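The block underneath contains the structure these notes are about, expressed in structure tokens.
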Amino acid sequence: EIVCSLSIDTFSIVLRFSTAAWCCHSVMLIKKVGDELMNEFIQVLQYLGEEEDMQVVVEPDMYTRLAKSHPHFGFVHTYDENEVNRLGECVDFVACLGGDGVILHASHLFGEVIPPVICFHLGSLGFLTNHLFSEYRQALRNVIYGCADTSPCSIPDSFSAGVLITLRMRLLCEVMRKGQEAPVQSYEVLNEVVVDRGASPYLTNIECLERGRMITRVQADGIILATPTGSTAYSVAAGGSMVHPNVPAMLITPICPHSLTFRPVVLPDYADVELKIPEGSRSTGWVSFDGRERRELCAGDSVRVRMSRHPVPTISKEDQTGDWFHSLEKCFGWNERLQQKPLD
Amino acid sequence: EIVCSLSIDTFSIVLRFSTAAWCCHSVMLIKKVGDELMNEFIQVLQYLGEEEDMQVVVEPDMYTRLAKSHPHFGFVHTYDENEVNRLGECVDFVACLGGDGVILHASHLFGEVIPPVICFHLGSLGFLTNHLFSEYRQALRNVIYGCADTSPCSIPDSFSAGVLITLRMRLLCEVMRKGQEAPVQSYEVLNEVVVDRGASPYLTNIECLERGRMITRVQADGIILATPTGSTAYSVAAGGSMVHPNVPAMLITPICPHSLTFRPVVLPDYADVELKIPEGSRSTGWVSFDGRERRELCAGDSVRVRMSRHPVPTISKEDQTGDWFHSLEKCFGWNERLQQKPLD
Amino acid sequence: EIVCSLSIDTFSIVLRFSTAAWCCHSVMLIKKVGDELMNEFIQVLQYLGEEEDMQVVVEPDMYTRLAKSHPHFGFVHTYDENEVNRLGECVDFVACLGGDGVILHASHLFGEVIPPVICFHLGSLGFLTNHLFSEYRQALRNVIYGCADTSPCSIPDSFSAGVLITLRMRLLCEVMRKGQEAPVQSYEVLNEVVVDRGASPYLTNIECLERGRMITRVQADGIILATPTGSTAYSVAAGGSMVHPNVPAMLITPICPHSLTFRPVVLPDYADVELKIPEGSRSTGWVSFDGRERRELCAGDSVRVRMSRHPVPTISKEDQTGDWFHSLEKCFGWNERLQQKPLD
Amino acid sequence: EIVCSLSIDTFSIVLRFSTAAWCCHSVMLIKKVGDELMNEFIQVLQYLGEEEDMQVVVEPDMYTRLAKSHPHFGFVHTYDENEVNRLGECVDFVACLGGDGVILHASHLFGEVIPPVICFHLGSLGFLTNHLFSEYRQALRNVIYGCADTSPCSIPDSFSAGVLITLRMRLLCEVMRKGQEAPVQSYEVLNEVVVDRGASPYLTNIECLERGRMITRVQADGIILATPTGSTAYSVAAGGSMVHPNVPAMLITPICPHSLTFRPVVLPDYADVELKIPEGSRSTGWVSFDGRERRELCAGDSVRVRMSRHPVPTISKEDQTGDWFHSLEKCFGWNERLQQKPLD
């Protein structure tokens, strides 16, 4: 059982395992798609299954693959389509190998409830993949035995610490078709939902409403609704500010807006925004969710966007603010010193 | 007695007067400095004192002026220097005539605790001055009798509604001198605190720390720490996003940074930031608070900035989100339609 | 015969008709597509044909339409497909009714050599459509009789003045297919050529070369190569500066670049830029010319872009700089005064 | 004697020495102020004087210093105040050690006519200091013997090549006092002239005129008029585009403008701009030239800015475009690849 406590002082959320029972024995292990990182995957799999006695859940494709190459791995399990919704109940935490894309994949896999996620990068650090692969043993021990610091944590009964978690807000996006009351699809996005003009040469003309009230008409290549986590992804490329993941907010960032005054806007997390293709519009729009699942929106269709009640808990390396500024530096060269000086 | 209740649904805070006693009988009336708006001031003063039977507090200079021109105004009061700190206890609400500068002035006048403020504009609408002067009677009645809607509110015992308030976060800024433990001055700012290079041709080199940990070194004309309220003032001119006043956040916006990657950053409201002139620095910096009280910072000096525990409650016209988007349109021509089209 | 002279002092180019012969007797008249502006079109047509004795060339579709509705218009002519290339020799100037799209259409119609163009707007002023429709008689007389000022120009032998012209640079764009030496298509664009990712969720990865030397790799939604005329169209929406049409330059403006340091760049007009999809690229790109003629670019394909030797001469209203700043104000509200003031 | 020829094809200007006489025997050597780089200075001095038999001109302060430490350097010369204006005639070229500040210093020292300048950097490459100090012998030989390529140039009679030069436009800035016809001072700037609000909390309100016609009123922290060379200095920090030094243009870049539509503007080089403090203005402005010579401008005062007829010729390393893109990369990390990817 995982227990959360909120420190008023630092606003960090501390994850602990209950002392009552040894319940942390199931982990899901995911890697980026394709053949890459297979050796590293096996390495972590063996560590978790053989050294830590964990049951390890893998995706069906990977299960089939492992059944052939490593049939003796008795601790490996998978699930079928019907069980996807119950994954969140069965898995204590998720370990990912690869870039930020893997954690997005995990976020979509679990749908609503998702357990804490730890992410290892092998090449370049990302905002979500902040742990070094080379330190995976220590980092995983810290999660399994609930130990926050990075010094060797040999005594498994030191339950005092826990590992620090960032609760990353997701956006619940519901696609509404013209004339229908109920949404036809819904998605939970971790980074952003985008409505754009697709391959059409015509500017998207989108109505933007908040709680049913028209805020503005968007004439632009498109519009981004992003989480703070997504503020450093597509939104920043379109000119948005970088928003710390602990700020409860929703970002509205236009893409190449026709109007020079259409600056990016940051709304409270309780915002309830609808992006709608106007009733009589000749051109259509395209919506995509975390860069995937591209769908056409026709005249009268819309997507309604609110804060999801199911955030993604990611396991910090240092602490949320330290990790975040570290990522800004590594990923963007944020405020790296410029060489040129106007005057010596 | 003023009672606040938080609506979880809309996150708006509703101000009400208690039914137990007729306690709303004291208002402070302020107008912009100079000779302008004197007639309008007298007009509102008479309405409050003669028609509504309120005691009206004015600033000492204005009191002297009125004592000569309108000696028969028995309901006008003032205060002396020693009483300034107790103003917040004596005044039920504040009414301002003029631009956003008047409410900044009020914010500084009251120091810590400040009662709800209602602001009337006579020319151009501002972010804080959202009420029309021509509607002052109805708007003031709504405040005095606790009625939210703008329809005539003739029955003074309809206590159900109250008027909507935006609690505007302020920043507590403490000036620290080198080698001294205690701050030498402290200010509460409603818009922003700025450290810049003043008239010096040399770039400011400022250390930016969060909870004692170095975040970055700023090489720029200056750096702005702004509230969401201040996000539409100096910060937006320097490239910051527009942040809704209900987002609990602190903005870091550099002014003409040397590094192209130094994008504006939005931190949680619990951020605890220090801007410091480095120990061995040859050049100095200048700090100003809401554009006032310019002071030099020498090597080793710093200013520490945190969320103040004393926000400024401002009285909404419609509701917070409606008022805000309305101001964006009026003040910036936000997303006003562009005429040119690449192709017909 | 049209004669150009360059004034060193003001750098304006003055168009005159030779006194030797009355040769200005042929004009092409174009309006925006669709049924709109038909009455205005007939009005100008009659003025030119009946009052000024001009031969008026119209597009084939319009010719067919007029043949039915106004069979008595003996002064109306058209052309067939084979004659398009010789249009530039037969027409003394071009008059357009509608928005900036009509002049783009005219630019594409004529291919290489294009005579001076005068553009009338009926609704909103554009950068290229700077003449008021209500003043069409005087403006057309000025062109026909070579008179620059807007005072009545009754004496047709006042050849001294001429009308001021802006020579608007175009870009010659050649589409190169992998392994082929010769371009498969070529276009002349007045605003911009864009390579973007189309509907693909993957970022475009484009090699940008100048004179065969790699300048940079573009990871972005796309990249714009714009003329100064196009600087106020798509490029400005993507963050480019506004460049006066008389600056001999080519703009490189990235669309939502992944790197925060990829600021827009302005190159000399003799730049010779190639945008290439890398040899081994899995994803493709899409190129479009003035927002039209969208074509896919596959791995190894490229588009080569240089200054065209065939600029579009547009007829000024005031003078180039006056017209341009006037358009900035009208089209963008350029530097329109902001209402909010930090302090009164 | 130095001869220039313009290559139409590449638009590069080639500097050659005439074969008629061995006239290249005088060089001015400058280093950054202070005690740094003294050893390197002596090293180059000896190379020029002893190995290449050049007469070396140094600044008066340096001359006094060398007279004590190296009295045997017979080839060292200086000048007095009265001779400064004739320096340009006596010196064949200028060699600088240090950052971009040294070449700015040289630009101011020579006033109008300035011979070709070669600049060596010892730490970080700048836009103007593009030669490596470690290659000073070869680079200086190339200048002295007129050889462009970097391969050993042993035969001094290979006059064919010359070294490539960028003619860097300067701005002639004339300070006009209210009511006076003639300018009271004039400056030639290589980067930019700035009018700002200095230490005043009030926004500068500046009238911006072109050829006597009002373009706009600037409400901002200040306004920058920059050369293409200066486009990568202060102007880029304020949001301007990067303009290649061979584009004949003048940049207008506002600093933190109050209006969100006030985008940076690029004008032709024949622009004639005046920045004026309005007649009745209560607040004053401050003007500075390449970050120096700060002066107050009172109501009615102005600064008039045009292209100077005296550009600064700087000696390229590769060629102008190669050097420039190389500097963009080194100084800004221009379009350096970002690590984060939205999707793997």
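When the chains are written out, they are named A, B, C and D in that same order, and each has its own residue count from 1.
Here, a residue touches a chain if its C-beta (ideal position, glycine included) is under 8 Å from a C-beta of that chain, and two chains touch if they have at least 3 such contacts.
In this text the structure is predicted, and so the values were computed from the model without any measurement.
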| item | value |
| --- | --- |
| Intersection of the contact lists for chain A and chain D | B, C |
| Third chains touching both chain D and chain C | A, B |
| Geometric centre distance via CA averages, chain C-chain B, whole Å | 49 |
| Chain A and chain C: spacing of chain centres that average the CA atoms, whole Å | 45 |
| Centre-to-centre distance between chain B and chain A (centres being mean Cα positions), rounded to whole Å | 36 |
| Shared-contact residues (touching 2 or more other chains) in chain D | 201, 234, 236, 257-258, 260-261, 263, 291-292, 332-333, 336, 338, 340-341, 343 |
| Chain D-touching residues of chain B, taken from the complex the two chains share | 198-199, 201, 220-221, 234, 236-239, 255-258, 260-261, 286, 288, 291-292, 294, 332-333 |
| Contacting residues of chain B [partner chain A, same complex] | 10-11, 201-203, 210-211, 213, 215-219, 228, 231, 236, 240-244, 246-249, 251, 254, 257-268, 270-271, 321-322, 325, 328, 332-338, 340-341, 343 |
| Chain B contact footprint on chain C (complex, rising order) | 32-33, 98-102, 104, 124-127, 191, 232-234, 260-261, 263, 290-292, 330-333, 336, 338-344 |
